[in-house]
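Only one structure is covered here, and it is reproduced in the block below.
First chain written, first letter: the chains are A, B, C and D, and each begins at residue 1.
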Amino acid sequence: MATDELLLAPTTQTQPVALGKGVVVGGDAVVLMVGPCAVESEAQLRAIAEAMVAHGLRVMRGGAFKPRTSPYSFQGLGVEGLKLLRRVADEYGLLVVTEALGVEHVPLVAEYADVIQIGSRNMQHFPLLWAVGELDKPVLLKRGFMATVKEWLLAAEHIRSRGNERIILCERGIRTFETATRNTLDTNAIALVKATAPFPVIGDPSHATGRADLVIPAARAALAAGADGLLVEVHPDPTQALSDGEQALPLAQLAQLVAAAQRIAAALGRTVA
Amino acid sequence: MATDELLLAPTTQTQPVALGKGVVVGGDAVVLMVGPCAVESEAQLRAIAEAMVAHGLRVMRGGAFKPRTSPYSFQGLGVEGLKLLRRVADEYGLLVVTEALGVEHVPLVAEYADVIQIGSRNMQHFPLLWAVGELDKPVLLKRGFMATVKEWLLAAEHIRSRGNERIILCERGIRTFETATRNTLDTNAIALVKATAPFPVIGDPSHATGRADLVIPAARAALAAGADGLLVEVHPDPTQALSDGEQALPLAQLAQLVAAAQRIAAALGRTVA
Amino acid sequence: MATDELLLAPTTQTQPVALGKGVVVGGDAVVLMVGPCAVESEAQLRAIAEAMVAHGLRVMRGGAFKPRTSPYSFQGLGVEGLKLLRRVADEYGLLVVTEALGVEHVPLVAEYADVIQIGSRNMQHFPLLWAVGELDKPVLLKRGFMATVKEWLLAAEHIRSRGNERIILCERGIRTFETATRNTLDTNAIALVKATAPFPVIGDPSHATGRADLVIPAARAALAAGADGLLVEVHPDPTQALSDGEQALPLAQLAQLVAAAQRIAAALGRTVA
Amino acid sequence: MATDELLLAPTTQTQPVALGKGVVVGGDAVVLMVGPCAVESEAQLRAIAEAMVAHGLRVMRGGAFKPRTSPYSFQGLGVEGLKLLRRVADEYGLLVVTEALGVEHVPLVAEYADVIQIGSRNMQHFPLLWAVGELDKPVLLKRGFMATVKEWLLAAEHIRSRGNERIILCERGIRTFETATRNTLDTNAIALVKATAPFPVIGDPSHATGRADLVIPAARAALAAGADGLLVEVHPDPTQALSDGEQALPLAQLAQLVAAAQRIAAALGRTVA
């Protein structure tokens, strides 16, 4: 079906995507994926994993390779970060979502991750879309921060055209004229995807706001718009974070996030996983 | 306090604004304001008023003067529209929100309205802000669709600087590069206002989406972000509307909107009025 | 003709607009309109007028009423400013362009100005457009910084629908995600208006850049795109300006601006007036 | 020097970049780089090369790999396209600019191209920036259509941090709310780069407008703002183009483009190469 038709189509049924270990995105339960912006140390990951298990969460996010806008900023732990993520996740029975930066990077990341993330800046990096389109692993496709919903759905088609249908979309905020927040969470886009496309869609309130104090209300808004899950940056001590500290939810507030998500999910007849 | 400080301030207490007849915006109850884009006929208003009463809603919105982008489109019923609004509202015990287009227009509108609306395109029409700042009536200040939150709060200061403190803000979507929806509902802005400013804030999911099928999810998102109410365009038969028909919620779906609002409000410990 | 057709139409002939004293916008000569952001004093205006006469310029711009984003900033000299502008302009044989802020303001401004300016924030203030549409004076219609070219041309239609055909458009930069400059000069829009609409169009490199060091290159770009003139803020001493000092061209650089304009104009077979 | 400082720095001297065969970008001559969006056939390239030689132009652009927004559109001739470009260019004594899509693609493209282009969607694809940073070839770095000038200069730093200092920036239009043109040419950005950074900068009026009828005025505007050259899509018969036909300048109008560039260049004391 053409994308223009998709955007006008009557309400479409979301096709759930199974991540493994019984976790499904796009079903009755909304899935909370949490973790650090960048993997920094085993102690950091372990603290987060323990809190996740305590709240019944199953999917850990974390960045091992973190190319930054400035070449002089912290760029991530690299392969060591991937290994740490995998080791801690296995120990706690968690799944791992992490990003592949380029085609040449896909085999390595696929070895360690349960879900391959395509970052916002790569949403139209077509060779990368084709490469993950040939994998037998779920892909988390972040919306480009200046991409229309139509372009986002077409990027998903680039993946699907190579055979991989396990695609989860992630709205992470768009760039607008507003500067008081890092980006503008586009809850309309979440509702539009739910109404017109078969892909599950989650929200990323961390990048969408850039401010820890707005993460919980933005998480609620994303879920209320229909999101099938959330991707949230947490840190045991945001003041010490090596990247994006101002938007990381302090781990001590994870309980509040989970409670808020449960209340909104319940209002919509859903649960939290 | 300077606005830059406001935007960084710790969570601020909303100052509730009383509209009359016991209706308060910014308190425990979220307030649903509904009505037609443009007043078209007594039959239209009466049908809407009856449905409102049936659902316990108290505030009717409606446009009497509707200057449109093109000079050749329907421009509203004018004074007759104001009179109709007032008459039907009084009969059903409702309050009226309607727009004043310019300084010269304020005395007339103030005669018929309980709440004076300042439209998005007028958010920085300073003489108009000063004029309503001298009234003893609540003002509903819509955010300019290209205005930052800081500019919006400063526009409120222009009103307040003339003495009127009964100001309700309304987020109605901002203009971005996205064209699949008419505007982009900025739920971050709602959360930011709640966190940093004393004014109640409501959401307008009709203008923010431009599509009737997205109005209810957008309404839920606005409330989940913390909105103290909603402003929603409804029409007994949107296919026959003289303006903005594609975004009007069919009156037959008002029950769904109210139910959705009640469920989200309850999740936040609030009620609906 | 519908605006959609206008935007696709084959190249249209610009209809020149006569301002008085033999000055015509939209003819062979590009017209430089210069002056202070805000009228501050007779000495300020006199210094500018002398420099204008020395360079053969004929149209002085200046603001008497300057409502500012913050209610606590300098708001202009008001009627005294209008009188000063008129007096100095008459003494030096210049024409005056100044802004009318609202409908109630039009008769006063029309008494002192040769050209009535509609500000960017008022581009869709329809009652004001109708009011100047009934005057027998040229109108300078600034593009809303959030308005599409189509909306801008429709705003001109609102003026024209009341009888006044002497309309000059002014591109003054649009709001985008870029923050290094105050706005983004849309030279495409200038070229599009020249290709498709009958109105002369000028460029405002002062508001479009917000930086004095970029005013001359932006002025060149606007003219090269086809602009019929420029509106430029100058000040004898920008460090002492009461408003917008960072974007005012120092009067000492007026000679450079004029020379740059002459060279670009000559490259296009035009002159400077 | 930090980028924030760069953006505020006093006027900086452009460091010219030599492309080979005596062609230099950033010196007295503005350099016109023209060619098809996508290489389609030898006949197409030959027609363009002949016209280029007739006008003294030396740098041919052309795309061999053309991943498109939709996976179902023409995606380019691939390696055959690169070979054709090289063969025709050599025959006519021209240089070749063409795009590398990803890290894995760099060695292949470097074998055939004189200048490696980084596309707008790849401006922050950091592994690719690092890869071309290790080459001994000039790099043409297009601005991301969603990137600020600061981010663009930081992307150039990513290249320079690996040793390659031969960087040419290319402003190709940014995404804004305006839909009458494909993008908005940001002439302010050209002026800002010239004032504050050491890199030559060229303009791409084809992508910046998306309309053949606006290419020449936009080319003039870019040069008038200070651009050191242009990148323009031409086609012998745009109605038959396999991609982007609506923005390709008909080859028959190349003479007009060159003449317009010469006149603006002369106004600035420059020549055309």
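The rule is simple: a residue touches a chain if its C-beta (ideal position, glycine included) is under 8 Å from a C-beta of that chain, and two chains touch if they have at least 3 such contacts.
On a predicted model such as this, the values are computed, not experimentally measured, just so you know.
Undergrad: Looking at CA centres, what chain is most distant from chain D?
TA: B
Undergrad: Could you quickly compare B-C and C-D and let me know which has more C-beta contacts?
TA: Counting C-beta pairs in contact for B-C and C-D gives the edge to C-D.
Undergrad: Report, in degrees rounded to the nearest 5, the angle of the rotation taking chain B onto chain D when the C-alpha atoms are fitted.
TA: 180
Undergrad: Can you work out the whole-Å distance between the CA centroids of chain B and chain D?
TA: That pair's centroid distance is 48 Å.
Undergrad: Taking each chain's centre as its mean C-alpha position, how far apart are chain C and chain D in Å?
TA: Each chain reduced to its C-alpha mean, chain C and chain D end up 34 Å apart.
Undergrad: Rounded to a whole Å, what is the gap between the Cα centroids of chain B and chain C?
TA: Distance between chain centres: 35 Å.
Undergrad: Mind pulling the chain A residues that touch 2 or more other chains?
TA: 146, 175-177, 179
Undergrad: Which residues of chain C touch chain B once you look at their complex with the stated criterion?
TA: 3, 67, 69-72, 101-105, 121-122, 124-128, 144-146, 151, 154, 157-158, 161, 175
Undergrad: Considering the complex alone, what residue numbers of chain D touch chain B?
TA: 175-177, 179
Undergrad: Hey, which residues of chain A end up touching chain B in the complex?
TA: Going by the criterion above, the answer is residues 7, 11, 146, 148-150, 173-174, 176-181, 184-192, 194-195, 208-209, 213-214, 217-218, 220-226, 263-264, 266-268.
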